[in-house]
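Okay, here's the structure, questions in a sec.
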């Protein structure tokens, strides 16, 4: 069935190592099987120009992949002098997803930049990044609260993300690279622990898909996210 | 009440002017109300390096917005020296959507580049672009067939796109700018006239949304796309 | 004689559609035969750094060409990451020409940016752009005056531009693309309705030309510009 | 009264030092008073892609200014990462001017790149560059002929350039910086020793000018160019 | 007293984890105390243009630092669109150092690109990178030999690098960040296990230093490098 | 035997022409044999953002090479849109070297930018640049003092630089291009007239070198620098 032998609704092993990075206010090395993403949350006591003086904070994200995170070496974006469309699309998605669960007014005039750097890729880097980003963000906010700089918690929910797809005719959860590159349909779901959908991105890789397929993938995503919420709580000692 | 007074499932007036551009092999000025996009399809008898010698063609898209297409002038991407993340995201979506309905082998070793330039924006530029792109592409392919360069039609279906959203609590079809900027949830659907879904992109602008909302928007999208298919047929004289 | 069958001193049909763009303070779709340029004038209540606090305004221009405005598709400058030398040369010329007829002190500390985007090209895009720019600028200034923000009209004259050249030995007016690409000599004239010359740019494409040729082209240019002044007045309801 | 005390038709002292640069096939340090431009002509036995296999050569030019060639330091274009519009305009003019007097077929499939670098600026850098470029080009071609690589001389004429302008109401020749920055009208003329005009670029800096002014400047330019032709001949030992 | 309490000639704990990255032909996570660098060696069966057809291989390096590897977040070079001068200087040094110990003819027409990405920085990232790069390179070459693609070992020696400096008047080995930022003199040494010097870079941070200081730092460097050679052998199972 | 016939410890002829550039506060055309570098020191009454309000000045350097300074034409960095790694490395070295001998507090809140542009290259451009930069800087500071803007001289020492290398087995001083391109080892030394070392950069081009070679090169460098100090004093009339 699946190249990895997993059941259709079976996630890869999730590992979330909090505090992996020494300098960042919050950090997490998140592993979904062989996909490893290092996430750091960096706090700055300033906001971007468009928010100055509005009493609101900002959460943004940047994404990168080490050149040899993949099977064959990709060129380094810093050397090419620009970020690819794919990179920009992913970092916009991560930032948007995090802002949905943060009360920016409660955060106050400060910015948190979440850096998601893929050390090793085996499919699902953007969803692993979002899932790990919540942990890094949670740790950074906990630090702000412990330091007395915040009294009201600006985080309103947990956010997690997972990919689903149709592989050899069957809807499956948490695609690894061999599945991802052969999937007929591919969808990423970003959800909260309250049950809401933050973002759905479903793409037909070959033939269009139907509503039933979309719903089946959504159901799998709920199963996957519930595992991720648990891992997030464990990683942040909740 | 929608700002425009439209019913929840009511589209803006669609106008598709084929052959708007004199030099392009195919072209269409598409208007969804006050959103006006000029689409051209340019044929080249060569393919990108990764496809050379494989007997397959390629369809790709580029997107741009005139600086004063919007309420306030935006800076010109050519002058800034780079395309924004938003631009890249949109042009990747357009290209992907078109490739889903084209048989690239049947197209042969040639490339069609679809340029979508927004002359005036009032919400929904990417979905108007995809909808008009089909017309420009259809005309360019018809020309190839009329010239005897193709005998088998490589276009397998019509493709259309429309945005839906939740505005003041109600699911509505074909958001204009005032709705788009105030919507709680926003989704773009790309579909084919065979009923399949090519792409779904749903985003919670404030609070997460639920499965029911997603399905309601999908139903509206089907209504909208059926109108677009008809306009496409009319514009291409079918 | 001329590929188009026109007399040596005959212009192409001029069309100037004011208010083509909904959002801009002033706009004009200008057509010189098959050359179509969309011009918008955007007002901003700020000036560039070098003018701050000097009580003077600024008028500047940007120029672009849609990738398939031409016979074969050109690459998109935004995608290449820089504007060509030709583009920069043209937009500098447009800005300079407009500033000659505007009293910048009378304009006050505000900036008007004129965007000239070529939708379709058939020779003479820069001269059509300047001629249409005056219309867009006039409309934007009229709006400022109607709104009571200006009491003294800062526009001191009409400005128009036209190309002339030597085609198959004869001096001709308003070159279209077939003439332009075969001309021995090519000159652009920017003039005002008071009879003054704002800019002359004459270039020998093959062999040097003589003073007599320059003067003959200048005389043709005066004929052409007088037609353009009339079209400008009509387009602005004067 | 001109700031320098020169008569209206009086050039600055011209100095042309041939062979200033050791490595280039041709070179010249050209001085028009305090304007000093180092010109080198570099020969390469290849042509740009658009000319390959056509049996024709190419002559092109690049222009630069040392950051402190001017009264106040300008930023270095290499550090800014792009050439200004002014730089591109000038180097396009230089290349075009040189190509007018070279028989590219007679040159054969080789390219000559002329680099014009302003060591010190005091007005008229582009015209000094063109005038000195002829010397560098002449020397490089002489070398090709001496080496037996060319038997027919591809240079058809001398080319020289000079600026004229209207300063305090009077037409004057060869503007230096104090005149240039205060001139009402400014024109650059590129001419050949056969009496032909290669390029005219006249610009009204404040008020439009009339035909008479254009002709007066043209007459001054002829006077100036005749001095430059003599200096060119002397510098190349003719 | 060193901030860390180490003796002047005492290295930080060195850890070299071979095979850290799953996809690369060779890899190593190298830790010098809190400085952590992930090094991968990527093999490609092609060489840069200047070496094609010469029967020689190439070894090159790229260097990067994750934005939050440091105490305060630095901007991402991919987002800024260019690599800093510091980055380029370091990656040139790494590549040069590796090429000194590789017989490029024996390597054959293939290229090895060594990527050194700093996950966490605490001083000495470039020297840790070079030291770890040898391990990654060694593993990649071992693989080539095991696969029978090479019969003669192209690696001629071990190469290692270490920083030394003068801190509060005393020459010390292997500076960490607190020492590095306060050092009077700072030197990096690249050496081989045969005793030769590959590169010396000594810099006076405040006052010039004397020959005696240079020699004292060189002696410390030898002590440090001998520790690194041992760690390299252990990491590669020799 | 050195290609030039010089003795191992013999410098090329040094020429330093002060005041070569008319506009700069300080300037020097420095020649080490056929290596010619034009250095200007430009004074600005402002400091970079990181120093604002700290009562300290800044000295920085930029480096460039005219495209045809070398045997074959190199591409123009301004046209390529970026400075090479080599350029950045050199300009960082020049700036660092100058800052070592300037008391930045005594300079006050002003910046001196030293531009080093290579007009002709024959090896040793960076060391000639540093040596000439001192002259340009000295002249600019003398002007500040003569103008009464500084009362305490912020220059604490002379700084000079020279390259040494091992050519055909022998340590030699002041490498020209034929030696430089064939040298086994290559080292640049930056020193002060008080005997201190500011920077040492020794690189093995092929085989590693030993301590004895480093010391022999250092001794040659002292000989060379003493010649340069004398030339600097002469050029600045001391």
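First chain written, first letter: the chains are A, B, C, D, E and F, and each begins at residue 1.
The criterion applied here is as follows: a contact is a pair of C-beta atoms (placed from the backbone, for glycine too) under 8 Å apart; a residue touches a chain by one contact, two chains touch by 3 or more.
Note that the coordinates shown come from a computational prediction; the quantities given were computed from them, not determined experimentally.
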item	value
Where chain A and chain E overlap in contact partners, by chain label	none
Same-residue or different-residue interface between chain B and chain C, half as cut-off	same
Chain A and chain B: spacing of chain centres that average the CA atoms, whole Å	28
Chain B and chain D: spacing of chain centres that average the CA atoms, whole Å	50
Contacts with two or more other chains, residues of chain C listed in rising order	81-82
Traversal of the chain ring from chain B via chain C	B, C, D, F, E, A
Interfacial residue positions of chain D with respect to chain C in the complex	82, 84-86, 88-89, 91-92, 96, 100, 157, 187, 191-192, 194-204, 206-211, 214-215, 218
Chain C - residues contacting chain B, complex	21-24, 27, 34, 38, 40, 42, 44, 62, 64, 66-73, 76-79, 81-83, 87, 113, 115, 117, 119-120, 122
